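Before anything else, here is the set of structures, which you'll find just below.
The following pair of complexes shares a single chain, chain A, combined with chain B in the former and chain C in the latter.
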Partner chain A sequence: MDRKKSMLAETMILFLFALSKTSEEVNINTYKRYIYLYYLTSGFINNNSDDIEIIVEKGDIKIIEFESIISDFVLKEYIETEKNSIIIKKKLLDFVDALLRNKDGALIRRYKEIQPFVSLIQSYNDQFVFTVFFSEPTFREAPLRGVSEIHSANSKLAVLLKQFKSKVCDTRIDEYDILAYWMDYILRNYYNIGADGDAVEE
Partner chain B sequence: MQLRNEDFLNSYPEIGNFQAEYSILSCLFKDCEGMFFLFEIKDLDAIRNQYGNVVKYIKQYYKSHEIRAFILSVDERIDYITVVKSSGLTTQIEQLYNIAMERSKKNSSFVLVCAGTSNVLFHEGIFDECYKNVYSDKQRFLQAETLKYNIDDLEKVFELFHVERKYIDCDYIVNGKVSDSITEQKLRNHLMDYLKEKTNMMVIPELCTSNKEDEESVDISVINKNKEVSIIEVKYFVKRGLFENPDKQAYSFARFTDGYKQLNKYCLHLNQENYYLHSAFLYMFYAHSETVGEIVSRARERFNTFLRQSECNDYFKYNYKNTILDNMLDQKVSI
Partner chain C sequence: MNRFYLPILNRMRIEDYSLYKCPLEICFSNKLNIVYGTNGTGKSTLLMMCFFSIVGPYRGGIKTKVRQEHRRDNRPIYEDSFFSERMIKSDTNAKVTSSFTIDQDEYIVTHSLYDCKLLCAVVNGRSLPGKQISYRTYETKYTQNRADDYSSTDRLDDYLIYHYQEQLKKSTKLPGGVNTLISMLLDVMFFDEGRKLTFWNNDLQETIIGKYIVDSDFYEQYCEKKLTTKALESAYKKKSETYNYMNKFFQKEREEKAKVGEDTEKLQRELFHIEEKAQRLGKELEKDQLLYSRKNKELLTAIHEEETVKEELNVLEETWYTNLFPSPYKEYHGKFYKQMIDGYCPVCGNKHDFSLFSERCIVCGEWLQLGDSQDIITIDTARQNKIDSLSETKKKVEILSVELDKIGERIKWTRKETNKNNIRINEIKALISPDEDYREDSDKKRLEKAQEERDLALAEYNSSKKKEEQMKKKIEESLVDNFTTFRTAFIRYASSFFGEQHKENLSLPFSEDDDLNAPLMKFELDGKTRDEDYMLSESQRIFTDLSFRFSVLTTFHNKSFFICETPDSTLDIFHEELAVKTFLEYIEQGNALILSANARHSSLVNDLYKHYNSNDVTVIDLTKISKLALITEYSFDRYINRER
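After this line comes the complex of A and B, so read on.
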């Protein structure tokens, strides 16, 4: 397995481990959107340059190696897939649990980056995540620019959030607050709800 | 509403502290729905790292016959104490508010009250208004979502589009006639904007239906959160005498057959591209002197003829749902 794929597999398994705390089942499309949004915001939140390749086509994304990693997880009996659902198995939890016992390992550092993101993103339901996903600027602008392949390292969203942060003077407001605010901003706009909670006249 | 990055950037004065933590806390109420408990946390940031563990712990140690305060300590350990014994659901909400208020003041902490329909946060003895606003926003999103239509309701949305247009001016109807400048693109865009507003789906113009075949793209496609796709081919025809210019005319009933042929091709190719094709519609705008019943008969005749042709494939037969007839000159009647 090449390095890029193994890094993505690591991210994907840590996501499933974090998600399993509240539910053993996750919608596979929502899960893919979580991974997409994680990588697209990672340059802003964690300041890391992990890159994944994403094909944008026909109103959807294809994360390179995503399907193949899912198949690997099924083969290893870490998960089961059923229609649109992934069911997280105990074998995955035991496996990741054992790896995370090494408190000085690289994996625990990555888990500490993923855990807060998962806590935040799962406070938005599947439909909200879908809306946020198709409103995300990198995805939204790709067809306008005639682009079909994007790299998460070139995230338009990360640039936008960085620009936003540079305007905010209150140092108590951090990257996660800004990400949450952006998602709420998208949803308020989508549902025509003003900041004061009233419906907005178009 | 058009989403613009500049508007987002200019909205920065509206952001408040703890936006992320409030969002996460608001989910605790949903994940532990129906439970009566308090949740106390001194360092609110810690909820980001411990949310999953907190939910798991509460579900493990919750008791319906007493009220427990679950506590996430500064060193991120989770524990509980019993604050009201042997009362459970009969406990008065006011009593829980008082306990939460006192504890949050005494410990300089945040205390969340989750009890039935109550979801209230206290911070250092004071009701936290900012949390209330974040939680209210989430409730408004959920409420607004219930008003959006999904992929199974498309025919209802088409009907609403037609009815609403009777009462709202549109630029392709002028003084009871069809505008000479009408184009298929204009009609498509109007319908597409309406679908964006009324449905909870991603609406895409000109979806290319095949990577291999060189062909036209379907006019409108809508995709839901489970990647189910509905495709809509938009066409129109106008009889001579119904345009502003009395000598102008556009197309004929043959547009029905053109539409079915195109949908037939798109259905085949989308299935080959592994789409979850949910349904296919022909949306026909028209202006004609014949009655609706006569137009329906003509459309049905062409549809049945097409079904008998060898080029008609099974995917079209499975996925075709309906032909929508939209009489552009069906306008509000004032007597």
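After this line comes the complex of A and C, so read on.
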């Protein structure tokens, strides 16, 4: 496994571990969108520059190596896939749990970056995450620009959130509050006005 | 999206111009116009007259330089004798009058073909006021006026050209006024024989598109900023030249010395004060230089340390990931080995003998390279320790860099002040005592001064360039909202030009760096990016450029005209057919096409001509009109009939 793929696999396995706290089953498309949104906001909330390649096609996304990593996890019996669902298995939980017991390791720091994001995003139901995903500015702009391949490092969302934070002029405000505010703003607008401009019930 | 208007050419009357049989009256069709003739009969002259009769003898492309510390914008124009040199017999009365419409305004404008003067401009039946003056003289006054911040005593509004250009600005509503109109006419609406390409000119891409999408004040500021950046670049080059030619500089100094006649006593007092100040600055400089040297050493050590930690972290990460996600061979081996040793294929289930060796892969037989697994908990801890230490060294490097910058700035300032003082000291000494030794001694210092001025000019240029880049980014951001419509038009024209077997794409990439020269838009043909025009064949680059121009005209305007000089000269029969199809599409959108054609075998002109009935086509047959046409047997009628 090359370095880039391994780094994505590390993120993906930590995501599954964090998700397992509420449910052993996760929809594969929702999971993929979580990963996408995490990378697109990571430059803002964690100030890190990890980069993944994403292909935008037919109104959805394809994360390079995502499918291959899922196959590897199945082979290692960390997960099972059934139709559109991923079932997280005990082997994965034991494996990650053992690694996270090391409080001095780098992995637990990474997990501490991911876990709050997972908590935040899980507090919205799948339909809302779907809406947020389709309102993400990089994803929305790509077809307008005629671009089919994007890099998470060029995230428009991260830039906008950073700009927003700089305008707030309050150093105490947390990055997650800003992200949540943005998500609420999207949902409020979307569900009050609706995609076609008509009023929609929340 | 901003609305503004382009001229629509209706009629043109040429009088007393001996290249053609005059008076020559051309009534332009709002669909197809063909200027036909054999070589050297005045086709290009006639096409250029179309633009000249609207906007005057401008060639496009404002040139910006710095003269005497002031920015000078020069709008290049043709020589006054440009059209008179093409007359067979010189006639001072030669003139061209064109009737054109801009939005609701009707224009009748007369220019002299003898000396390129604007003779008369009537807008909506009202003659514009002002004195007649040649464009060349007007441009000198215009340049001077801009350089003096519009405060020149020689008022531009005394002249007819000024009122005409102001009226054009009002009618077209163009930000940047006549300068933008010149660029539109010459860079978008005219595709000349020289095949000057617009699409790959990064300077032009955003200036052409920008005016439609950002507010006009911002657009004008952006155009001004571009000119300022060019001027600062020119200033920097000048300073650089000065530095390289110090002999001239010294000569100038000697000349200046002769002019100065200052009071010796006063100079001695000044000298005393400056020397005292110089001494103090010298001490400060020495102290700062020592501090700089020490901090610089510390920084180099810290950078080295950072690199070492990075490398060590890299090794640890490699080990970490190899062990976190080891090769799945063990899993495959566990699944298949037993069946294979029993002589059954684990995939198809058939009986089969396998030669299995523990040190080789059970499927392909390659030697296995499965390293010993390591304690990943220890690696993970080591990894975190390295991350922490990397973060510390990074912080250290950052702090030292900031400190060094501050000290560096201080040194620079002190040096500048010291140099200023030294120059003045040398000047005073040279003035007090004619001894040339002082001058020799000061040469080195003056060289340093020139170097500093050059560096300052470079810094100013870089800062302006950065600001221009930020403004360009804003244009790019604004373009996103309109890009889909523009892209659709572009791809429609490009597909029509290139044919079905090719796949075209135009995109607006997310900008990754602050490169001022990076193109705003990216063209892909058959999946390959064509960042430079040489990445395409001649016909392909013409098609791409025409697609860009047509999409600008049809996306942002309801009606326009387009002039193409001998479009068939570089196309084969197959590509001519594609060009015909695309030209027809452009005309069908409500636009007029004016093209010139040689008396040569070409299906392009023939097919376009045949497509329309005679009411929709205007043919200007120079074999009948031009006095230089010697061979009348190649008239347009005969040409068309022969092609049929």
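Observations, loosely collected:
Just so we're on the same page, the second predicted complex is superposed on the first by the 191 of 202 C-alpha atoms of A that agree within 3 Å, B and C clash if a C-alpha of one lies under 4 Å from a C-alpha of the other, contacts with A are read in each partner's own complex, and residues count from 1 in each chain.
The definition used in the following text is that a residue touches a chain if its C-beta (ideal position, glycine included) is under 8 Å from a C-beta of that chain, and two chains touch if they have at least 3 such contacts.
The structure displayed is predicted, hence computed values, not measured ones.
Taken together through their common chain A, the two structures put chain B and chain C side by side without a clash. Using the contact criterion defined above for the overlaid structures, shared-chain residue A:Arg3 touches chain C, although it does not reach chain B.
Within the superposed three-chain model, A:Ser85 lies out of touch with both chain B and chain C [touch as defined at top]. Once chain A of one complex is fitted onto chain A of the other, the partner contacts of A:Lys112 are limited to chain B, with no touch recorded for chain C. When the shared chain is aligned, chain B comes close enough to touch A:Ile186, but chain C does not. Seen from the C-alpha centre of chain A, the directions to the centres of chain B and chain C diverge by 90°, a value given as a multiple of 10 for the model superposed on chain A. Distance between chain B and chain C in the overlay is 8 Å (nearest C-alpha pair, rounded to whole angstrom). Within chain A, not a single residue is touched by chain B in the first complex and by chain C in the second.
Across the complex, chain A meets chain B through its residues 18-22, 27, 29-30, 58-60, 84, 112, 115-116, 118-120, 122-128, 130-131, 134-135, 137, 140, 160, 163-164, 167-168, 170, 172-174, 176-193, 195, 197, 200, 202. Residue ranges of chain A in contact with chain C, taken from their complex: 1, 3, 6-7, 9-10, 72, 75-77, 98-99, 102, 104-107, 109, 138, 141, 143-147, 150-151, 154, 156.
On the chain B side of its complex with chain A, the touching residues are 1, 3, 5, 8-9, 11-12, 14-20, 22-24, 26-27, 31, 47-49, 51-53, 55-56, 133-134, 136-137, 140-142, 144-145, 200, 202, 204, 207-208, 221, 223-227, 229, 273, 275. Per the touch definition, chain C reaches chain A in the complex via residues 317-318, 320-321, 324-325, 328, 331-332, 376-377, 380-381, 383-385, 387, 480-481, 483-484, 487, 505-510, 512.
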